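In the two assemblies presented below, subunit A is common to both, partnered first by subunit B and then by subunit C.
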Partner chain A sequence: MGRKILLEHIDVPGINTFDVYRAHGGYKAAEKALKEMSAAQVVEEVKSAGLRGRGGAGFPTGMKWSFLDKKSANPTYLVCNADESEPGTFKDRYLMEHIPHMLIEGVIISSYAIGCNTAYIYVRGEFKYIIGILNKAIREAHANGFLGNNIQGSGFNLEIHVHSGAGAYICGEETALLESLEGKRGNPRLKPPFPAVKGLYESPTVVNNVETLATVVGIINIGAATYAGIGVGKSSGTKLISACGNINKPGVYEIELGIPVEEFIYSDVYCGGIKDGKKLKAVIPGGSSVPILPQNLVCKTANGDVRLMSYESLADGGFQTGSMLGSGGFIVLDEDACVVRHTYTLARFYRHESCGQCSPCREGTGWMEKVLYRIENGEGRMHDIDLLVNISKNIEGNTICPLGDAAAWPVAAAIRHFRHEFEFHVKHPEIVKNIDHGSLEKFNI
Partner chain B sequence: MIKITIDNITAEVPEGTTILQAARQIGGDIVPPTMCYYSKLKGTGGKCRTCLVKVVKGSEADPRPMPKLVASCSTLAQDGMVVENTLSQEVMDARKAIVEFLLINHPLDCPVCDQAGECDLQNLSYKHGVEGTRYEEDRREFDVIDIGDKIKLHMNRCILCYRCVYTMNQLTDNRNHGVLFRGDAAEIGTYIKNTIEQEFSGNIIDVCPVGALTDRTFRFKSRVWFLKPMDAHRDCPHCAGKVTVWEFGNQIYRVTGRKNEFGEVDDFICNECRFEKKDIHDWVIEGPRKITPRSVISQNHYRNTKKQSIILPLDEKTEPQQQ
Partner chain C sequence: MSSHTAHKQYEKEGKPIAFSPEILEKVKQIIKRYPEGRQNSALLPVLHIAQEEFGGYLSVDVMDYVASLLHIKPIEVYEVSTFYTQYYPEKRGKYMIEVCHTGPCAICGGEHISKRLQEKLGVKLNQTTADGLFTIKEVECLGACGFAPVMQINTEFYEKLTPEKIDTIIDDLKQRASEPQPQQQKWVERFF
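For the complex of A and B:
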């Protein structure tokens, strides 16, 4: 079992209240940062810890903070991206639900580091109950002098506002999130200018994921050097992985980056192997939008190296034979799962969630879904498979925001690795039409 | 001033110019087509992706190429930047793909569309599209609605360029239409039977690149290529009063803004000029509007070209069919 930084006290009863959290070392890091460190020191600490954004892109957090436009006359804002909507990813919800004060503390330290006095937490619309939890935590932090004016006598002021989204996946994209936060339609903005220069209300803004901000607490607590010592290479520290699919123990696990994928799937500490003793078919290692990995590429890379749970190792081989760590939504498919149906489900999701602003994504996601629907229901033809590859290629890279890529990658990868299944659907429509995909009872729900 | 090279042609442009504006300054075939960008409206652009170009050299200071194709309408030119538009096969392929995307849900009802002949999408697909379609599914369908007594909305034809939204935002006080829903269900709408009747609202007809917003006072009156566009002006209390009137004989069929070679109007005109002044005596005619000889509208009206001053009889023009 690896070292735990985020979920160390997760099992303590009442850890969601201020008193219990405080008794277990909570808000120590905030005190330390506010009283003993300068803002620049905190940024330096996060930089040297090698923390990378946990939302999916893996951009170094310290670097992101240092891009802030310091000459701007407008105030700086910190926005916490809690719009976690990626299918297969549910780590932030877990963190906010069980240990909300860690996020509040992370926001305090990060705001101090970037010199911001107003922070926003943009919570996904479907997480209505999380908003109550966060607001309660904020009230408690206020009552104990960790929010408001002159926090703990340090002279630093901070207010945190919780804002609810309205149920759009696209608002997890940082500029769409800012638009939504400003009260507009959640369409992604054109970049540049980046949020670090012109973000919320035309002011310099940092947008960070929930887990990223919570990790800052751990970095200040244990020190950058210790934190950087965990993990492998440029993937330092620990990461929450939300495992789901056909495994024995689905749930959120904190892993040290760099453990083998095989260990993560089969070890009893983590996923506990494939359900009902079946064989592994494929893994989507980083949330629904990353390319799928077939069984022969899950535990070993194309070069024969052991595949590790790290940003670099999962991306090894590019999109031909690799994937991405993404947001850590680990979806496991067993031998009975149908990749075509799975791909269709994802395509349907992206079609529904496309904002409709730019043409490749608006038209392309709908087109892909319709073609996949035909194949899945035994009405496809052989040339439809190549058509899908071509549509996904035409969407990829030509859109305003990464949603187009996210919609195109899974389809392209599924056909790349599981073309025989698509062909089977085309060749045997009578079998495909009669498959009973079962009701929800099959999944013990 | 900074130097930018587009398709091997170098131009000097002021700092803060976009790649597209630099290309328009050079002119000719290297200008990327635009469907959503409108230079007179702030904030437009970046949505249709038809103006994608390849930046092979970022700038003199940072010569790295840009990893993806960029929207030329919203990317600023840098000193020493080298851009490929028509020279790059990647750009041409991407543009072909975008045309295909724009057309899959377009009804292609050009024979009965008032915009035919002056439609940006028609021109774009003529130049960059492919014959035939790979799309076999049902197209999106909406009802045709009247938004106000002067403007008709054919949502089927809309390519969601957002130009009309920006127009109403920037020319009028109270925009009461916008984009509803999202993804391929997104539509322009007035939300529960509002009507668009604000002063200057008629300009959304001019900015619409397709036939989604058409003039009800001109609906099915004539095809645009049968009309003669003439520059005209009048003393208007609301706007500059500089318009193009479209005549047939001595009768004015419709009034529009004066569109330049990029399909953008020089001045926005008021609703009174556009919809109510249809009498020839209301206007001072300045002379024929210059239309590019490539446009179907120029057919049969002007013979500006030096090549041929005599119109040949029809049978000499057509190629012999017997061979």
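For the complex of A and C:
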């Protein structure tokens, strides 16, 4: 078992309350930061820990903080991105539900570091119950002098407000989230200016993921040097991986970055192997947007090296033979799973979630969905397969925000590695038409 | 500013639309969480509250009322309410069933859950049963993939579903529908 920074006390009864969290070392990092460290020292600590954004992009957190426009006359805002919506990802929900005070403490320390006195936590609307949990934690932190004016006599003031989304994947993109927080449709903004210069209310803003902010607590507690010593290379520290699909033990696991993928899938400490003794077909290692890896590229890279759970190793080989760590949404497909069907459900997802602002994404996602539906239901033509590749290439890189890429990559990767399954669907309509997938939903192409 | 709506009497199904004094006080507190001149930031939270208080969907008058509270134009509310999937334009069943059909749930049998629901209730997707109790909808990822397949009924999660479990859940809800309902925590309460 590796070192636990985030989930060490997750099983302690009552850890969701202030008193129990405090009794297990909670809010010590906040005290240390606010009383013994300058804001600049906290930023430096997070930088040298090598913490990278845990939402999916993996951008260095300390660097993101240091981009803030310090000359701005407007106040600085911290916005916590709790709009967890990437299919396969459910780690932030787990963290907020079970140990909400760690997020609150992380927001306090991070706000102090960037000079923010009003922070917002943007929670996806479907997590209505989490909003209640966070507000309870905020009340308790207030009552114990960790929020409000002059926190613990440090002279630092902070209020945290919880805000709700209302069902839109796109609001996980940071500028769409800011638009939504301002009471508008979640249409992403053109960058630059970046949020660090003009974000919420045209003020300097940092948007950080839930897990990222919670990890700041651990970094202050154990020190940057110790934290940076965990993991491998530029993938330092621990990461929450939410594992799902056809495995024996779906759930949220904290891993030291750099453990072998094979260990993660087959060890009883983690996924516990493939369900019902079946064979592995493929893995989508970082949330539904990242390229699918076929079985032969899961545990080893194309060069024959052991594939590790790290930003670099999962990306080894580029998109030809690699993928991405992304959000840590680890989706496992067994030998009976149909890649075409799976790709179709993802294409449908991205069509539904496209905000409609950029035509390549608005038109392209719907087009891919329809072509995939046609192939999946035995009406496909052989040239449809290359048509899909063509559409995906015309979306990729041609949109304001990364949703276009996120929609294009899974389709392109599925055809790259599983073209034979697509061809099978075209060649054998009589077989694919008679498979019972359940839902009666049908639409006319 | 929408002065032309400020004195309008809002109505829905013959009843005047207005938050109770207690809820209005809380809504005002929520609005104050955002900086001066940025009241419209409270739009998404206030729409959730309004939808729950006024019959589970957003009629034009309800949206106009919310616009008047936030001092914004009605169109600014309409364009937001139509963007987000959790705001409903029409009346729906007492129990709104939302079944996830995205990748991870689909490979764990989510679409069979949807099928069983439709068979059991005798309605198709996006339809409401004749007794007004159930509406079924297929939705995109609910962020609970480790417990797949999942569905939400009025924002309560139901996880690791099987077609057999569906029968039990529906029978149970049908039975409970006529009994006094346990008070669920309302939207407005969760913001405090």
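The working rule: the second predicted complex is superposed on the first by the 437 of 445 C-alpha atoms of A that agree within 3 Å, B and C clash if a C-alpha of one lies under 4 Å from a C-alpha of the other, contacts with A are read in each partner's own complex, and residues count from 1 in each chain.
Heads up, the rule we're going with is that a contact is a pair of C-beta atoms (placed from the backbone, for glycine too) under 8 Å apart; a residue touches a chain by one contact, two chains touch by 3 or more.
As the structure is a prediction and not an experimental result, all values here were calculated from the model.
With both structures placed on the common chain, the touch criterion links A:Tyr112 to neither subunit B nor subunit C.
Once chain A of one complex is fitted onto chain A of the other, the partner contacts of A:Thr89 are limited to subunit C, with no touch recorded for subunit B.
Contacts of A:Arg341 after superposition: subunit C is touched, whereas subunit B is not reached. By the touch criterion defined above, A:Tyr311 lies against neither subunit B nor subunit C after alignment on the C-alpha atoms of chain A.
Once the two structures are overlaid, the count of subunit A residues touched is higher for C than for its counterpart among subunit B and subunit C.
By the touch criterion stated above, A:Gly132 is placed in contact with subunit C alone, subunit B being left untouched.
With both structures placed on the common chain, the touch criterion links A:Phe418 to neither subunit B nor subunit C.
Legend: residue contacts after superposition of the two complexes on their common chain; A:His352 is shown touching both subunit B and subunit C. When the two structures are aligned on the shared chain, A:Arg185 is found in touch with subunit B and with subunit C.
Once the two complexes are laid over each other on the shared chain, residue contacts for A:Asn398 go to subunit B alone; subunit C is not touched. Overlaid on A, the two complexes show subunit B and subunit C touching the same residues of subunit A, namely 168, 185, 352-353, 355. For subunit B in complex with subunit A, the touching residues are 45-50, 52, 68-69, 71, 74, 76, 94, 97-98, 100-102, 104-105, 134-135, 137, 159-160, 162, 178-179, 181-186. By the touch criterion given at the top, residues 84-90, 93, 118, 124-129, 131-132, 135, 139, 159, 161-169, 180-186, 201, 242-246, 250-252, 284, 288, 329, 331, 333, 337, 341-342, 345-346, 348-349, 352-353, 355, 437-441 of subunit A touch subunit C in their complex.
Interface residues of subunit C facing subunit A in the complex, by the touch rule stated above, are 33-35, 38, 40-45, 47-48, 70, 72, 76, 79-80, 83-87, 101-104, 106-115, 118, 124-125, 138-148, 152, 155, 185, 187, 189-192.
Contact residues of subunit A toward subunit B in the complex are 168, 170, 185, 190, 192, 351-360, 362-367, 370-371, 387, 394, 397-400.
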